[in-house]
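Heads up, there are several structures right after this.
Common to both upcoming complexes is chain A, partnered first by chain B, then by chain C.
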Partner chain A sequence: MTLSGEMLAFTLLSLAAIMGGILLITLDRVVHMVIALVFTFISIAGIYVMLSAEFVAAVQVLIYSGAITIIMLFGIMLTRHNDTNQQTAGIFRKLLLLLGIAGFGIAVYAGIYQLDIPPEETSLHIDNTRKIGTALYSRHIIPFELTSVLLLAALVGAIILAKKDSEKGEEEEG
Partner chain B sequence: MVQELLASPPGLMNFAIFFLLAAILLMVILGFVTYAILAERKVMGFMQLRHGPNQVGGRWGLLQTVADVLKLLIKEDTIPKLADRPLFILAPVIAFAPAFLVLAVIPFTDKLQFADIGVGLLYYIAISGISTVGVVTGGWASNNKYALLGGMRAAAQMISYEIPLVMSLLGVILLSGSLNLNDIVSAQSHGWFIIKQPIAFIIFIIASIAELNRTPFDLPEAESELVAGFHVEYSGFRWAFFMLSEYVYLFAMAALTTVLFLGGWGALPFLGFIPGAVWFSLKFSLIVFILIWVRVTLPRLRADQLMEFGWKVLLPAALANIFLTAILKELF
Partner chain C sequence: MTSIPLSAYLVLALVLFCIGLYGALTKKNTVIVLISIELMLNAVNINLVAFSRLGPSPSITGQIFSLFTIAVAAAEAAVGLAVLMSLYNRKKTVNIDEMNSLKH
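Right after this comes the complex of A and B.
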């Protein structure tokens, strides 16, 4: 590992991403958690930019930190928003958890450093967006279309579920 | 000059140069915001048969905004006792930072641009979405029902109008075959996209006004119903930051419209001897004037009308425009 600008940027971004993740778990109020989550999403988008995947990075920011976060905030704000977490775990359980996490960390670290990825062709980052488009609409057209049908079905299902609820509510009110 | 810098290897010297350039851009933006507010008040005044500011700084009120900003800076900074303190402080920052970030990709002339990203257009739209998080956070952290309502309205409105905004741009992307703003400008050398994509232009202007939260779509800060919307509890320079981000977005959106539909820095035929920067600022000023004009002319919409208009009129029109563009592109 040598200290270069890339290394520095990667360290900062991954630190921010991990910090966001830790804050997400440890913070008490739900809205604070969502803001921490936004930091994680944006840091991950930064890592995508470093990997020259600019399209994925832009979509990550657009979908995750923009749309999904807003929808989560909406859901939280429309429900009770003064919920806080209660500490339940005892000291023994915490120690066990720490051991488990440390074990997992060591296993992943060892696994990653033994992994040998052969160098692939390096022209993939040029005209990245065009290549993604071509791949999506030629080689992977059937999975792509199936995904869109699945999402459409989910959307229709969600509308039907929501509609049933409101009808029931009206009957109860009336 | 900037193109060479962008291509050169990174180093501390480059970092210093870009930092300095960004600082200069920030100063230019602050100058623009100062006089855009004055221009807005003056134009509004003339359109409503009033004078507008005419006391501070000579006949034209040239120092009016400077005095206003000074007043804001020395005002007491109040944070409500029951507000969520960290988020209350963080919210104006989250709202403002993306407003300045989006300016990085906008090509002002063929030589003056800060970042030449392949997905420049997508970058603009993605980053500008983060501001909504700041607005919603500010509305929630204030612990005030008006602020919360304003924040919710802002979120709903920005999400609903982002979709027609992006959909209307797909026509432009189809014709230019690129998401890069430089390529989009050079694709307009034989006819601006406002001529080739008139429907897209109209949808884009309407949706961009909604994204900017300006009248007739200024429901998040509707004074008559919500006192002031999401920034009720804010005062002093925190409030100034929300306003600043709004006007920086005005700058960014007008610049983006110029780049996408009015040919950027490109000149009209036979007038190529006028430099590109002049062309850009002329077109840009025209767009800003139109945005002010719309604000003075139209009354505010109702919340349900706003949603219906976005989903039932703008979105189908934008989809139809995509089909039309695709068919025309295949035929010719």
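Right after this comes the complex of A and C.
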């Protein structure tokens, strides 16, 4: 493994991603946690570019660091939170969880660390978006249409869930 | 040609998944639990895209899978937040330890 520009980019991006995750765990304020996670999402978009998936990287920036972060910030602002997010989990329980997750991590790591598939020359980076569009509308057309049904169902469900109870709450108040 | 082995991407995804799992299991605020789950989904997406580029028989299908995952994750975040709002209107709390009405 030589020190190339690609290696440097990968190291920086993965360090930023993991740093964002660690900040999510350690920071005190809820809003800061969400902002820290934006670093992770943008670094993951960079990782996608390295894997010649430019369109997925653009979608990642739009959906995750744009939409989902904003919707989570709305969720935080609209609810009463004591600003600081003190953890209730006892030290014993946290230690046990850490042990379990470390065990899980080591078990998976043992399976993947020497996985070596000889890389092949690909043309994924050429006309990436065009290829995705062609594949979506030809080979994967049924899952694509099902996704639209799913999104519609989620939209209707979210509106009904959020609306019904707020009306009821107003009645109770009034 | 890429010089980074497939296992490096998989290990990065594993670390992010473990961080997300720890956050989802220990945090107290429900919004943070939801966003930790999003982090776990993102780690899975890295795996899909990495295998689509560096796995055996690379093709575009892995990227399309990750697009579907992103769509489902966005729907999940919206519905999860709607449930959270409805619960908040009822119980005036976002503490996940107090959301245990189904227990009784």
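Assume the second predicted complex is superposed on the first by the 139 of 174 C-alpha atoms of A that agree within 3 Å, B and C clash if a C-alpha of one lies under 4 Å from a C-alpha of the other, contacts with A are read in each partner's own complex, and residues count from 1 in each chain.
Criterion: contacts are C-beta pairs under 8 Å (C-beta built on N, C-alpha and C of every residue); 3 or more make two chains touch, one makes a residue touch a chain.
In this text the structure is predicted, and so the values were computed from the model without any measurement.
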Quick one: is A:A67 in contact with chain B, with chain C, with both, or with neither? Answer first, second, both or neither. both
Touching A:F55 in the superposition: chain B (first), chain C (second), both, neither? both
Touched partner set for A:Y109, first chain B, second chain C, both or neither: second
In this superposed model, does chain C or chain B come into contact with more residues of chain A? C
Which of the two partners, first being chain B and second being chain C, lies in contact with A:I18: first, second, both, or neither? second
Chain B and chain C footprints on chain A, overlapping residues: 55, 59, 67, 71, 74, 81, 128
Listed in rising order, the residues of chain B that touch chain A in the complex are 10, 84, 86-87, 90, 94, 117-119, 122-123, 125-127, 129-130, 132-133, 136-137, 140-141, 148, 151-152, 155-156, 158-159, 162, 179
In the complex, go through chain A and note every residue touching chain B. 5, 29, 31-32, 35, 38, 42, 54-55, 58-59, 61-62, 65-67, 69-71, 73-74, 77, 81, 127-129
Listed in rising order, chain C residues that touch chain A in their complex are 1-12, 14-16, 18-23, 25-29, 31-32, 34-36, 38-39, 42, 45-46, 49-50, 52-58, 60-61, 63-64, 66-68, 70-79, 81-86, 88-90, 92-95, 97
Write out the stretch or stretches of chain A touching chain C in their complex. 1-2, 4, 6-7, 10, 14, 17-18, 21-22, 24-25, 30, 33-34, 37, 40-41, 44, 47-48, 50-53, 55-56, 59-60, 63-64, 67-68, 71-72, 74-76, 78-81, 85-89, 94, 97-98, 101-102, 104-105, 108-109, 112-117, 119-122, 124, 128, 131-132, 135-136, 140, 143, 147, 150-151, 153-155, 157-159, 161-162, 164-166, 168-169
